[in-house]
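There are two complexes below, and they share chain A, which is joined by chain B in the first and by chain C in the second.
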Partner chain A sequence: MSPDRGDSPSAGPKGFGPAHIDSKKIVEAVKATRDPPPESQESIDSRRWIVLSFLLIVSLLGLPLWWKTTTVYRSDLPYQSMYHWDAGNACDPVFPLQVVLESPHVPVDQSQKLLNLAQRALDELNAFSAHHLRLVDSTQKSENTVLTVQLLPTDAAASPTAVLQPHATSLDIAFAPSLLPSSSATSSSLASFIADELHNTFLHEQATIAHMIASSPGSHPSSKPLSPEFLALLEDRKTRAMKYSPTYHLTFTLLTPTASPANWEIEAAVHSIINPLVRALSSVSTFTIDTQVQPYAIFSSSVHPVHNEAQSAWFLDQAELGAFINAAEWPLSPSIGEGNTINFLLYVPAPEQTPLYIVPSDATADASSQLHSWLLPQWGSAYILNLPPSALSTGTISAKDLEAPLLSFSTHLLALLGLPEEPHKSLPLRLASLRRTLTLSLLHSSASTLGALARLTQSLPSISIPKPAAASVAHTLSSLDQACAALKIGDFKEALVKAREADIEAERAFFDKSMVGQVYFPDEHKVAVYLPLLGPVAVPLILAFVKEAKAGVACLKALKGV
Partner chain B sequence: MRCGSGSRLGATMLPSVALFLTLFSSLLGLTTARSPYSEHLHLQPLPHSLLAQFEFSSTASDTSLEEQNFRFFPRSLSQILHHAHTKELHLRFTSGRWDEESWGRRPRNGAREGGTGIEMWAWVDGETESVAYTRWLALVNSLSGLFCASLNYIDSTRTTMPIAAFEPEGYSVNGTHNLHLFHGTLPREVVCTENLTPFMKMLPCKGKAGVSSLLDGHKIFDAAWQSMAIDVRPVQLGGSSARGLQMEQSIDMVLDIERSMRPKDDPIPRPYPQDQMLCDKDKWYNQYGDSCYPVEQPPFPDFTLEQVFGRKLKGTCPLIDDANDKPTSICVAPAGGQTVEIKSAGAYKETKSSGQRCFRMPIDADFDVEFMELITAADYSPPLPKLRVERTISGYGQQRGGLKSVIVNPLDEPVDFVYLETLPWFMKPFIHTLQTTVSSSLSQGEVQTFRAPTREEVINDMHYQPGIDRQRAAHLELKLRMPPQTKLTLTYDFEKSVLRYTEYPPDANRGFDVAPAVIRILPSKPDEPSSYVRSTSLLIYAASPDFSMPYNVIILTSTVIALGFGSVFNLLVRRLVGAHETGPGGGIKERIRGRIAAIRAKLGAKKKTQ
Partner chain C sequence: MEIRIHLHTVLALVCAAALAAAQHTNNWAVLVGTSRFWFNYRHQANTLSMYHTVKRLGIPDSNIILMLPDDMACNPRNSFPGTVYNNNNRQLDLYGDNIEVDYRGYEVTVENFIRLMTDRVDENMPRSKRLLTDDRSNIFVYMTGHGGNEFLKFQDAEEISAFDIADAFAQMHEKKRYHEILFMIDTCQANTMYTKFRSPDIVATGSSELDESSYSHHADQDIGVAVIDRYTYFNLEYLENQVTNQTSKLSLGDLFDSYDEAKIHSQPGIRYDLVTGGADAARSKSLMDFFGAQAKVQLDAQDQQSSLSISDINALAEAMPNMTEAKVGVARATVQSGNPQAPAGLQRTNSSRVLLFGILSAAIGLALLVPVAVWAGISTTPQPSAAGEPQSTAPVRLAREAEKKPVEIMIGSSGLSRA
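Let's turn to the complex of A and B:
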C-alpha cells in the first residue's frame, strides 16, 4: 500500500549480537513498530473487487429490492382516458329523439311527403345539433321511440289542433284532410304546424340539456344564451333534487306534540294518491313506502310561532322553517337497505296552537290561501295540517283530511326527484325527459370523479392504488363508453343503466377504503424506520470505497510520476 | 292465570314472592291480551334502596309490518329485524351487580336481565348456518347504529350458538322456518345515556307522559344495578291465524335512596348534621348530648318518587289502550307495615291485591307516591334466590390460570340447571381438569348423613366446542343437577395465549373482560318459565407487550444485521498484519497511547522528585 516507506528509521531486530543477549533490547525490538510488508498486487486487486461488488450488489440489488418491498402498491391507471373523459373530449353526448308519425288514415305517399316536410321544418327550427328530433314512419316504431304523433284527419277542424295525452307518450293532431300536402308541394302549413308542436314539446328539455352540456368542461359555448329566469329554474331544480338512486324509500310520518291524533287512515290515502304516482314513476326507480305515527313530537325549541290576534292564528316565519325539523328527537332515521329515504312529515299542531300557518312571502295574500307546506331540499317535505276540534276529538285523521297533504307531498316528490316541469301535461314525457337529463348528469359526474381521482393519485405519490380501485376505474370507463354508444343510437334506457353503473363504480374507486390509510405514511417515515439498518451498513461500505478510491488515485499518480 | 303455582304459594310465602309470581303471570298474561301499547311501573322498597321495574309493550300485526304502517311499534327496529330475517330478538344493557344477600331473588326471575355490559341473542332465519350468520352480522351492525353501542364488535369470536341455555319465548310455527340461535356478549361495554336516548325514542310517549317520564339517564346509570332490555318475539293475535310481533322494553333498576336524593347542585356526600344523627340511646355517654354513638339509618326511609327520580311522574300515557285487561299503570309493593301516600291533583283509580296497591294514574296531572319511613323492620328478610353464583379466577402468572365457580342452592329442593360459559379464544380451557365438588351447606348435625354426589351424578350432560384462534370463542355448556341445600364448586384450568400486536384493546394493561356465565334454572314443572342467574364478569390479565415493540424489533434486527455485515465486510476488506507491523505513528489508538504514556511519564517524574 505504501511502498515509499521502505526506508523508515525503525529499529529492527538487528542485534542478534555476540554472546550476551540483552533481554530488554529484545522486548524493545519486538515492541518496535515496523512497516507492514508490501502487499501483493493480487490481494490489492481482490480487495478492490470485493469493495466494488459489495457496492454494486447493495446499490443495484439491495436498495431497489428494499424500496420495492416497502413501497405502497400502485396499480396502473389509464390516466390518458381518465383525463380525456374529464375534459369532455371522450364523448359528445347526442340525443337523437325518434318520433314516429302514425297516420293510418292518410295515404302512404302523402304521409311520407308530410314526414319529409315536417322533418325539414324541424331541422330549420333546431339550433342545437346534439339534441334533435328524427321523424320516422310507423314501420320503424321501436322501443326507442320517444313520442308517437297520431295524425287524425277530421272534417270538423278548421285549423289543426294538437293534444298531448296525459298518460301516454302520444301527441294527437287533428286536422282537416285538405291540409295534407300534395306530392309536388315544397312547403305545407300542416308540416310546419307539426314541427312547431314537436319543437315546443321538447324545447324545455333541449334548453336544459344545452345548458348542462354548455356548463360541462370542454364544451363549445352555447349558440343561444339562456334567459336568467330559466337558469334560475334549472339551478333551483338542481338544488332541490335528491341524488339519483335506483331505490327510494318514502317515509310518511304523522307528528303531533300531544297524544292525539295518534291514528290516521294513511293506508287508504296512500293507496288512492301515492300508489298511482309511484307506479308511473317505477320506470325510473323503485319505491318502498312506510308510514309511522309519532305522538309527543314537538318541533325544535328554537322555533317560536307568533300569534296573530287579528286572524286568530299562529304564524311561523319562513326563515324558521329550516329549523323546524327536530332531528334530535324525531325518529326519522333513514330506512335500512340500499337507496335514499325521502321523508314526508305531516305535522298536526297542538290544539292551543291551531291554526298554525306559514307567513306568506307577499303580505297581500289573504287568509284563504294560507301556506301549509314547504319543501326541504334533498330531504323531503313537510305539511302543517290544521284540523278543526271536531276532527281532532276522534283521535283519528280521516282519509279525506289526508287528501290535501298527500297531494302536496306528491308534487313535492316529483320536485325532489328532479322531474322537469315541462311538458306539463304529460307525465310519461316528463319522466322520459328526466331519464335523459339524469343520464347526462350521471355521465358528467362520473367523468369528473374520474378526473378528480386521476389528479389525486398523481398529486400524492405515496397514496396506494389498490387493484379493486383500478378495476373500478376500468369498469367505469367501459360503462361510460357503452352509455355514450347507447345515446348515439337513441337507446336512452340502456344509456341510463350504463351511466348509473359508471357513476357507482367511479364513486367506489374514489372512496376505496384502503387508499386513504396510506396517505399518512410518507417515504420519510420509511427511511427513518430503516435508518438503524441503512446507517451502519452504509458507513463501512462508503468508507472502504473512499479509501480504495484514494489509494487508487494515489497509485495512478505514482505511476504517472514514474 | 297460567302460572298455576301462584295460588298454592301466595298465601303462605312472603308477600314479595307472591308479587313476583303475580308479576310473572301478568307478564305471561300479555300473550292473551293484545293491546297495541301498554306500560307499567312496579315499585318495591328494598333496604336503603328502591327497586323500580318499568315495562313497555307494543304489538304490531304481521300485515301492518309487511305494509310498513307503523303506529307504536318502532319503524327503525322493525325494518332492521325484517332486513336481518330475525324472528326473535333479546337485547340487554346491564350495569352494576344485583346484591342477592340484601335484595334477595332477582326481579322477573332474571328473565329480563343480562350480564354486565351488553348481551344479545336472537333467532335468525336462514337456509344454512352461514346464511343465518351473515344475517346475524347484519343485525348486530344495524343495531349498533340504532342504539349507539359497540354491538358491531360482536364478531365470530364473540358469537356462540348455545344449545340448551335459551329457549324461544315467542309463538313459533314449526317447520316453516329454519331458525338459528346466536348469542353474543360485550362485557367491556359501558352502558350509558347514549343507549337510553334511542330506547326512549322508541316509546310512543317518549318520556313526556306516562311512567317513562320518570326515566332520567343521570339516575338510571347511577343506580346500584340496572338492566335495560328489549325483547321482540312473534305472538299470535286474538284468533289463530293472525300473527304479529310484540316488543317489550323494560328497565329494572335498584336506586340507592340516599344517593339519589342528594341535591343536584351539591352532590358530594356529607355527614349528617348533629340533630339528624341517629344515636344509640343505650350508650351511657349519649346522655350528655354532645356525643353520639351513631346507629344505622332506618332501612326504609321516607321518600317520594320525585325526590328519588328527580323528575315528576306526569300521569298516564294517553296512548294506552283502555280495553286492556291490565288497567293499572303503577303498582306499589311496600315493605311489611310501610304506609304509602298518593299525591295527585287528578282523579285516580286504585285496586288492592295481596301485598300491593295498584293505581290507574290520571291523564295530564302529576302523580307522586310517598313512602313513609319504617324504622322497625328488623324482621325483614328478602326472599331466597333460587341459586347464588360466584365466579372467580385462581392461579397466578400470565400463562396459566384456573376458573372457579361456586354455585349455592339455598332451597329445600334439588335444582336442575344449564351452565353456559363463553370464553374468548385466547383463554384455552382444559376440560379434563373440570372438577366438581359438592358440599352440604346444612348445619353440623345433619351433615353426617350427607353423601357427596360424584361428578357423573352432578354433570348430566356436557357440550363443549373448543375455540379456534381468532375465529371462534370456546363454548361450554353443562347440564347440572344439585341436591338441596348444597354448594357446588366447579373448577377447571385454562391457558392464556399470547395475542398479536394489533389484537390488544386500548388500555391493554387493564386486562380482558370475560363474559358472565349464564345459568338457566330449568323449571320443575313443564308449565313454568325458566329463570336465569348470571355471574359477574371477570377480568383476566394476559401478558401485554411493550407497544413500541415493532419499532424496537426493526431497530434490533437492523442492528444485528448491521453488526454481522460490518464484521464480515471488515474481515474481507481489511488487510491483516502483525501488531508490530502497523507502521510508525499508527492510527488514533497509537496517538492516544502515546499521549497517555507521556502524561504518565511526567507524573512519574514528579513523584520521584518528591
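Let's turn to the complex of A and C:
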C-alpha cells in the first residue's frame, strides 16, 4: 500500500486551501496505483505453461479423440471387383453339358465315328456357344454327366426312334444297324438324328439360359431373338415362382367349416409323397414341413358358392377365388423362422356343400370337369377335397384320400420353385435343368447385390461398413469365382453349392444390421450443437493464446532491438 | 405344347413383350403414425383408418406394417375405452377385434422405420415385423404426424428428414426391393417431405405446401379431441365411397382429381416425375395397385401335362437314397461355413467398444490430471520450502484414483457384454 494514497483522502477534510496542487497530485497518485505490480518471471512462465498445456491437451488429445469417436468405421471394400462382377465382366458363365453315348452292341470304331459325326452335327445346330453339348463315350462317364444316350440296334425299326426315359436321365435310341456310318462316311442320317433329338431335348433350357444371360448387364446382344410366346412363358414362370430363399417352410393346412374332419393321416402321406420330392430338391434349398388343422374355418363373406340342382353340385366362380383365402381369419403366415413359407391349403367343404367345384370364368358350370385346385403365384396352392359321406364318417381323412391332393401340391411346389416345363417327359432332366438355371440366376443376383452394396456405400458416406460385412463381401467374391470355375468344367453340383453360398453371403453383407446410415443432420444443426458447447471453452483459450503470442513476439522484437 | 424358337422373329415384338412384362405380384402397406399423447388422437385415427381401408381391399395383415406410437384405445382419458373412432358419428370402431399393430409405443422410432424400410434388422426379428418385399412388390407408404419444412417429428423426441426417407427409398431401389411406391403424407408442410426423392417409380402426394399447415377435420365432443385430419378424411371418403370392392377400376388420377382445396383447407401436392412415362402413366395406375391386393389365381387344367404322378414320386424315392446323404452333408457344410463369422464379428466389435471406452475414460482421467498437476505446481512454487513435499503427493494420489476409475469401468462393461 502506497503512502500517497493513504494521505490523499485525509488531506481533503484538513482544509481546502491549496487545491491546485492537490488535484494534480491526486491524479498522479491514482494513475500510479492503476499499474499492477511487475510480474515475477516465475508467474509469467507458469501462465505460459498453463496456456500451452491447455492447447496441447486440446490439440493432441481432444481433437484426435473427437475425430476418432465421431468418424464412422468403414472397412475397405474391394470396389473394383464388386463393380466388375456387377457389370458382368468378371465371369462368362458357360454350360458345357456332358452327354454319354452308350453303345454296348456297336463296334467301338463305328460308335466312335458316330460320336464324332453327331458332335459335328450338334455344333452346327448350336447357335449359342455358352450352352453346348459335349458327347463322350461311356468310358468317360462321370458325376457330371447330364444325360446318357442308349444306342439300341434293332432290326425291326425302319427309321430311328427316340424315347426319353421318364424316370431316368436317359435317352433311348432304337435304330436299324444298317444306319451305322461306315468309317469313310462324312455324314450320317443316324448321327444327325441323334444330334436333333439331343438339341431338342435341351432347346428349352438353352433358350432360358440365353434369355437370362441376354437380360443381365454386360451381355452382348448377339444371340438370336426369342419368340414372343417363349418370352411370355418365361415371364409367366417368373411371376409364378417364389423369390429364391435358402430355406422354405412347407405348411400344409387342413381347413374345414365344421368340426369334422379334425384328423388327417398327413404324416404318412407326406412321408410317401412330399419327402422324396423334397429330397430330390435338397440341393436347391432346405425344406421344413409343418402341418396344422383349422376347424370352423369359414371363407370370407364375399365368396358365395352357388348350388346347381341339375348337377347336384355346388359351384364357385373363378373370379371369387381371389378372395377365397380368408387371410384375416386363417392363421396362414406363421412366423416360423428365416425363409419363405409356401402354403398348401386343403379345404374340405361342409357335407351339405359337397361336392364343391370351380367354374372357370370363360365356361359354364360343369360338374364333369371337376376343377378343384388352383395355384396362387408366389404364395402357395389350394385344393378342395370333396369326400363322400362314408369317408367322412370316421372324422379322419385317410392317407389314400390325401394322395391326390398331395400330388397336386407336389406339382404346385415344383411350379412355385420355377421348374421348367420342358422336357415335360422327364422329371429328372427338368430338376437338373432347374438347378442349372437357378445357379445362373443366383450368380446374377449375388453379383448385382455386390454392385448395389458398392454403389450404396459410396453414395452414403455416413454409413458404416463393419468388418463382418467386408468379410462377407470377400467370401461372396471367392464363392463367385469358384462357382464360375465349376461351371467351366461342367461340375454343376459344385457350382450350385458355391452360387448358393455367394448369394447367402452377399445378402448378409448387404443387410448387415449395423449398416444403417446416420440420420441426416443439416450443417446448421451441427453448428447449433457444437457452438454452445465449445464456444465458451474456446474463446478464453484462443484469446489467452493470442495474448501470449503477442507478448512473445514483442519480447523477441525487444531482444533484437537490444 | 412344343416351344419352338423362331430365328426370324420380328425384333419389335420382342421389345413389346419385354416392356409389357413387368408386373407386380404382391402388395404391401407401411402405415406410420408418429405422434404420442392424447391430443394427437387424430393421428392414430388417421393411421388406423388407412389400415382399415387397405385391409378391406385385400392386403393381408402379414403384408401390412402398422406403427402406432401410442395406445389411444386404452388411454385413461378415452371415454369409450377399447375403441378408436375417426368420426363423431362413431359408427366404425377402428380398433375392432382383429388388428395387428407391428410396432407400438417406443418402438416407433426413426431408426426402426429406416431399418424396416431397408430390412437391416436383427436376425431374431419376427417376419411379421419385416418388410419382405421384392422387385414385384407395390408398396403404399402412409405417414402422419407433426412436421415442418423437410422433417416429420417422431414421438416428440426426434425427427426424420426428407433426406432420410429419400435415402431409404434409394437403398430399396438399389436392392430391388420395390416395384412401385405410393407415398402419402398428412402433416404440416407435407409436400416438402417428398422433394428429395430420387428413385424411380414413386408417386408421392402430400397434404400441404411449404409454409402451410394441415388441419384437422372435426372434433368429437365426447371424446374431446379432433378425430381425423382433413386430407386423410377426404382421401378416405373417396376410397370408402368409390372403391367399394377389389374389382374397382379407378385410377390414381381419379383420386387426385377428387382433392378439393376448399375442403382440405390446404394445397395438396402430387409428384409424378419419378414415374417412367410421367404424369399420364402415373395417373393411369389403378388404385387397387396400391390400396388393395388382388390374388391372381391360376386354375389347374383338368389334364395337366406337367402334373406329377405317383410313379414319378416313386422313381424319385428310388433314385434318391444314394444321393441324399451327400447332398444333405453339403447343405450342412454351407450353413456351417457361413454362420460362425457373425458371432465372431459381433464379439470383435464388442471388445473394441470396451477398449475404446477404456481409452476414453483414461484420457478424461489424464485430462483431469494435467491441469491439477499444473495448478499444484503453481501453488507450490511461491513456497518451495517445507510445504512442498506433502502437497506434491496430492496430485499423485489423484492421478492414481483417476487411473483406477477406467479400469473399473472396463471390467464393468465387459461383464455386461458377456451377460
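Throughout what follows, the second predicted complex is superposed on the first by the 356 of 562 C-alpha atoms of A that agree within 3 Å, B and C clash if a C-alpha of one lies under 4 Å from a C-alpha of the other, contacts with A are read in each partner's own complex, and residues count from 1 in each chain.
Throughout what follows, a contact is a pair of C-beta atoms (placed from the backbone, for glycine too) under 8 Å apart; a residue touches a chain by one contact, two chains touch by 3 or more.
All of these numbers come straight from a predicted model, not from anything done at the bench.
Visitor: In the overlaid three-chain picture, which partner chain does A:227 touch, first (chain B) or second (chain C), both, or neither?
Guide: Touch status of A:227: second partner only.
Visitor: Kindly classify A:428 by the partners it touches after superposition: chain B alone (first), chain C alone (second), both, or neither?
Guide: Once the two structures are laid over each other on A, A:428 reaches chain C alone.
Visitor: Tell me which partner A:293 touches in the superposition: chain B (first), chain C (second), both or neither.
Guide: A:293 sits against chain B, while chain C stays out of touch.
Visitor: Is A:358 contacted by the first partner chain B, the second partner chain C, both or neither?
Guide: second
Visitor: Who contacts more of chain A, chain B or chain C?
Guide: The partner with more contacted residues on chain A is C.
Visitor: Could you tell me if A:544 is touching chain B, chain C, both of them or neither one (first, second, both, neither)?
Guide: Once the two structures are laid over each other on A, A:544 reaches chain B alone.
Visitor: Which partner does A:57 reach: the first (chain B), the second (chain C), both, or neither?
Guide: In the superposition, A:57 touches chain C alone.
Visitor: Name the residues of chain A shared by its contacts with chain B and its contacts with chain C.
Guide: Common interface on chain A, chain B vs chain C: 43, 50, 54, 329, 333, 335.
Visitor: For the complex, give me every residue of chain B touching chain A.
Guide: 67-72, 74-76, 79-80, 83, 142, 146, 201-202, 204-206, 208-209, 317-319, 551, 554-555, 557-559, 561-563, 565-566, 569-570, 572-573, 575, 577-578, 580-584, 586, 590
Visitor: Provide the residue numbers of chain A that touch chain C in the complex, in ascending order.
Guide: 42-43, 46, 49-50, 53-54, 57, 61-62, 65, 68-69, 166-168, 203-204, 207, 224-233, 235, 239-240, 243, 272-273, 275-277, 279-280, 282-283, 286, 302, 318-319, 321-323, 325, 327-329, 332-333, 335, 338, 358, 360, 369-371, 373-379, 403, 407-408, 410-411, 414-415, 421-422, 424, 427-428, 448-449, 452, 455-456, 459-460, 466-468, 471-472, 475, 493, 497, 500-501, 504-505, 508, 510-517, 519-520, 522
Visitor: Quick one: in the complex, what on chain A touches chain B?
Guide: 1-2, 5, 8, 10, 30-37, 39, 43, 47, 50-51, 54, 251, 259-260, 262-263, 266-267, 288-297, 329, 331, 333, 335-337, 529-530, 532-533, 535-537, 540-541, 544
Visitor: Given the complex with chain A, which residues does chain C contribute to the contact?
Guide: My answer: residues 3-7, 9, 11, 13-14, 16-18, 21, 23, 25-26, 55, 58, 60-62, 98, 110-111, 114-115, 118-123, 126-128, 134, 136, 158, 160-161, 163-164, 167, 170-171, 174-176, 245-247, 294-300, 302, 304-317, 319-320, 324, 327-328, 330-331, 334, 337-338, 341-342, 344-346, 348-349, 356, 360, 363, 366-367, 370-371, 374, 377-378, 381-382.
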